[in-house]
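Some structures to go through are shown next.
Presented sequentially are two complexes of chain A, the first with chain B as partner and the second with chain C.
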Partner chain A sequence: MFGRFRVKKLIRSNEFVIFLILLFLSLTIGAINPAFFTISTLFDTLRSSIVFLILAYGLLPIVIAGGIDISFVAIAATTSYATHMFLLKQGYDGGILLYYLIAGGAGILAGLLNAFLVTQFKLPIFDVSLAMFTMWYGFNLFFVGATANFSLPKGTVGFYNIFVFTAQDPNVGETGLHITVLLALGLGLIIWWFLKYTTLGRGVYAIGGNREVAVRSGFNVRLIFFVIFGIMGLFSAIAGVTQAFLSRYFNPVIFITQPLDVLAAIILGGAAITGGSGSIIGTTLGVLVIQVINRALILTGIPVEWQRFVVGVILILFTSIPALRNLRAKRMGHTSQLTQSD
Partner chain B sequence: MKKSLFVLSVLLIIALVAACAPQQATNTQPPGGTEPTKAPPASEPTKVVEQEELVFATVVKSIAFNWFLRMETGVKDFGKDYGVKAFMEGPSQVDSAAQVAIIESLIAQGVDAICNVPYGVPENEPVQKKAIDSGIIVVGHEAATAKEGTLHYDVEAFDNCSYGEEMMKEMATRMGEEGKYIQFVGSLTNASHNEWMDCAKAYAEKNYPKLEFIAKYESKEDQEVAYNTMKDVLKTYPDVKGVLGAAAGDVVGAGRAIEEAKLQDQIAVVGTSIPSYAGELLKTGAVDLAMAWDPATAGYACNVVAYKVLKGEEITDGMDLGVPGYEKIKLVKGVNGVPVIYGAAWIKIDANNMDDYPF
Partner chain C sequence: MSEPIIRVENISKRFGGVIALNEVSLSIFPGEICCLVGENGSGKSTLIKIISGVYAPDEGDIYLNNKLYKKLTPIDSIREGIQVIYQDFSLFPNLTVAENIAINHQLAHRKNLVNWQEVEKIAREGLQRINIELPLDELVENLSTADRQLIAIAKAILADARLIIMDEPTTALTQKEVIALFKVIIDLKERGISTLFVSHKLNEVREIAERTVIIRNGKKVLDQDARGIDIATMEYHMTGRRLDSSNIAFSPPGDMHTPLLKVENLSLRHGFVDVSFALRKNEVLGITGLLGSGRTELALALFGELPADSGRIFVQGKEVHINSIQQAVKNQIGYVPDDRIQQGLFLDQSINDNIIISVIDRLVTRIGLIKSKTKNEVSNQWIQRMAIKTPSGKLPVKTLSGGNQQRVVLAKWLATMPKILILNGPTVGVDVGSKAEIHELIRQLANEGIGIILISDDIPELFQTCHRILLMRTGRIVEEYQRNDIDEQYLYQRLIFSENQAKAVSED
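Now for the complex of A and B:
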């Protein structure tokens, strides 16, 4: 009895639906172009997902708490680029760790600034983030530098080629699973643990469900906001540095067009934009779906002129599937089960 | 209902922000972004020249870009060669209002000529007219769409179509004039990028029947996108032999994917870029040729035209300005009436000469 209940619950979960979507997409693409079913495509897809996974993991708690933030991309750009320009000036020649430390520290501070403005002046999260989005990119361009920089310190050269596994592909040569996939995995586990097993993490869901109730139940809302914005800043900085070393250059306006892609992935993964629900597994699958869609367009030969249109249509179709299910479940009184899934 | 309205408006705002953002991004990628098209009217050759030293000002979008710092070297060289006091000014941040204010003050100082590289062409028109009315020679650069009477001339490094054709010739030669090729543009809405690529394609259809066009891809001005796209292209079309890039990062991203696949000797990669972007890949041969235009010679040529107008010399089609790339200029009437001077001032950068172009 109990076992059957668990299977039923699994099949009903948002994550399972998104997993089916991913499977369906992959099979379709693979049927059109068998090149999709190669290890190298898998590695490539994961590689291009790494940074978006880190960004999405950092943003997820804020979305669950009912906030929409777009400043995380600007924080990623400013912390990574400014760290690089600073170390370059010092003649730094060492490894990548110092980049993570400095940028990460700066990222946490930037995140805390958001939290301070949000909690101190009771400003809407989105308003603050919109201001910070513009401010940090502007800061970067004006005070730090406006051109891409390609000179990497000696100690970091070759980082882009450290692989956990490698595979040979007849057409694109050697492809590897980059080591930073482990970094993304680790960060994902931390957020999973945080959301599921800490009081603060449960508080995030409570705030997103109903902030007033959360306050009355004794959750320290102010503290929770400082923690989740700190996480967001830290993860953004890590993502910015990682992207720079994967693509071998530092770009002052990196990610500027992409905050929506990350939000879309989180929402596709079953988080409600109004807060209260969302999960790490769903977010992970959401990011993968978007990456697979992006690759699909080239692999299946859909003309570029159609790409954006097609992406939009696919997003509407696929976001509406979980939403429809939620709606039906609500009518049948299953809401609590669905929104609490993690 | 209220809540969903809020969410909807939030999304709209985000979309707006996202839509505005790429413009900012292009400013950081010199050769990808701006390339002009058409131009303006001649007004009467000008006033008596005094014996005292002539003063030529060059005003740029912003002095914060390497691109314009490079232009300044050309302006200074012009000053030395022609015995003129030539200098460059510009706002610290791209801003038409600040640029207009600088020109206002130059009018007040009574300079003899202004070479203007406007950030917003229409925003700069009134102040350019004002300068002309007070007897100053005004020549534009990257302002081929200016209205009649707001510039004496506009100077462009090249016309977009010839540039695209030149790219195609370079790629086709390296491919042995046969095989499949792809194109990258920064975005499908970037007029210059698409003009280069469409002209290149048309030229190939006429002159290289054995070249086969696969597709035009969008890099979103992001070399990471170009990299991922190139990887998938290699899987989908393993026999691709040529790549054309429009934005400065296109050939860099594509080149990285090609280098990792160890195909640098099989695939010809040609496109707009500069050594600070493509340097490493030019050395390894993953990028075969970077094409660009040198802001130094553009700044030099712009001032030469102003000098000639000031001295009452007539500018004619086919004349030699004495500047590399401007030996045989094309003179055309721009879309909005300003006469436009086109050079053929593209530069071709490969592993051998990349050190000559430190930008």
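Now for the complex of A and C:
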């Protein structure tokens, strides 16, 4: 009885629905072009998901707390690009770790600046992020540099080619799963643990549910905002650096068109735009759905312009599921009230 | 008797020039159920806030568990075992029952990590202490108001409450849920936990109170054993005047030949079945029934919000089709919803704007602009006529008391000059004094020729205002009474009469 209850709950969960969408998409695409069902496609899809996963994991706590932020992409671009230009000037030829450390530190500071403005002056999160989005990209282009840079330090050459494991693909030969998959996985686990097992993490949900009550209950709302914006800054910087080394060049306006794609993935993953809900598993599936669609459209020969259209349609369909459910529940509620007293 | 949990002596509190509390003294003893009664603005909430440490009194002493507090803070108050359950229950809708109950414990013990087994254990213990079972992993947003209230009580108990203050706890509860709540309160009493029950629903006060305290205009006017205080006495002390309902002058309703509104065999799936009735000019027609009887659906159907599936509607003898609110308004039908705050008002907008919003078409000049002078004239006229208490019509509606907000909703619809006015629970959440004034207004409107349908389960209210009363049960009109043929007691019995009993009687 209890078991059945659990199963029912799983089936009704957003994560399950998005999983079905992913499954359905994959099967459909595979039926049209069997090339989809190859190891190399799988590895490629995962590789192109890595950076989006890291960005989404960093943004998720803010969305759960009821905020919408778009400045994370600008923080990613500025911290990674500025770190690179700085190290280039110093003649650095070491490994990638120093990139993560410097950019990560700068990212945290940038995130804390958002948190400071939001908590100190009671500004709306979206307004602050809109300003920061423009400001950081502007800063990057004006003070740091306006052109893409392709000269990587010696110690980082070959990083794009380090695999967790490799496999033989019948069509393309040897293919590998990039090591940074583990990075994304690790960061995802950290956020999962933070949201589920720390009082601060539960406070994030509490703020998203009812900020006033969260204050009244004794949550340190200010501290929570500093923590989640710090996480956002750190994760964005990591994503920016990772993206640069996977594609082997630094771009001062990287991700500038993509903040809404990341937000879309989080919403697809079951987070409410008004806050209070959202999960790591859902976010992961949301990112994968969008990546699979991108890949699918290439494989099935549908023009690239359709990508966005299709993502939009899926988003509408997906977000209307809970609304339809509510409608049905309401109707049933009415009936049961009448039949109960009959 | 043992020591009182709380003793306040000669408390006074002023806000600017207004005296909110004037030398009020009050003691509450362990295991006592005390009811605090008063109209809106009488000083009830100020008193609660002083007891819970939110406001500091200007004068007077506060003793908690016999300890004098010169400066009482909310933390002190909680530490001494005083818990206030506000109307919003302070819950997180997006979290589970278990987490909501355990969250304060978690925070109070400054835990940085969450142990979910412990959360569940704490929650189960909290619910056990009030003998309640709720699904621990359900989200609070999926629960009824009554269940949310129980969670709030469980939270208070877990915080070692010795006195629980409930602020208007029954506002959104059904009859059944109120009875369940009373059981919990009595249960608490048996374990020595006191309740301060703040309400203006006098029949409930009469049922649950051991001691009744009434305040009026910041002064305590009554404090005595609840036995032997009847509702009329309470009303007298609350308002300071006798409210007499026995000899109300009813104007006779118009003739039956051409009724204002006639409804034939109206049905709505999941709402009501085969409803027929007529409403005359000058008439107030009551429609009563329990929640789920279809009474609200019927009102919404007549107002075009939930158009009926089948049946016919006649306005002044002519058949009309009401499929939208616009069509209802065109046929001069007005509707005042039961949830005035959500459905009837824009709280942040001015009183003036709220009143004229439904007649805005008539106030625009030829080029489509609104003359603010005409606008203010029209709304001032209504503010005067409805006796809305406000220094200016330009203030936002949320600055008004509940009774005055209800008048704004009425004014808004009366401004459309309706011939037929549907009122759904017009005095829900309104205090006794304003209630009497709204009843007077309803009778006056009927005198002026409007036909009024009054939907209510407040039986005295039906007797105050209606010529005829229709009783609905499971979507059907099952009985019709002339007001003068029955008394309140009889109607009450018929109202709560369950369907099974009804069947048994009809089979006899």
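Here, the second predicted complex is superposed on the first by the 310 of 342 C-alpha atoms of A that agree within 3 Å, B and C clash if a C-alpha of one lies under 4 Å from a C-alpha of the other, contacts with A are read in each partner's own complex, and residues count from 1 in each chain.
In this text, a contact is a pair of C-beta atoms (placed from the backbone, for glycine too) under 8 Å apart; a residue touches a chain by one contact, two chains touch by 3 or more.
These figures come from a predicted structure and were not determined experimentally.
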Partner chain in contact with A:Arg211 - chain B first, chain C second, else both or neither: neither
Partner chain in contact with A:Ala146 - chain B first, chain C second, else both or neither: first
Partner chain in contact with A:Val253 - chain B first, chain C second, else both or neither: first
Touched partner set for A:Arg222, first chain B, second chain C, both or neither: neither
Winner by number of chain A residues touched, once chain B and chain C are compared: B
In the complex, chain C residues that touch chain A: 88, 90-95, 99, 103-104, 106-108, 111-114, 137, 270-271, 290, 292-294, 473-475, 498-499
Residues on chain A engaged by chain C in the complex (per definition of touch): 9, 196-202, 205-206, 208-210, 213-214, 216-219, 276-277, 331, 334-335, 337-338, 340-342
Contacting residues of chain B [partner chain A, same complex]: 3, 7, 10, 13-15, 17-18, 21-22, 24-25, 27-29, 64-66, 92-93, 188, 215-218, 220, 222-224, 227-229, 231-236, 238, 249, 253, 256-257, 260-263, 276-277, 279-280
Complex interface listing, chain A residues touching chain B: 33, 35, 38, 40-41, 44, 48, 68, 70, 126, 130, 133-134, 137, 141-142, 146-148, 150, 169-175, 243, 246-249, 251-253, 256-257, 259-260, 263, 273-274, 294-295, 298-299, 301, 303-305, 307
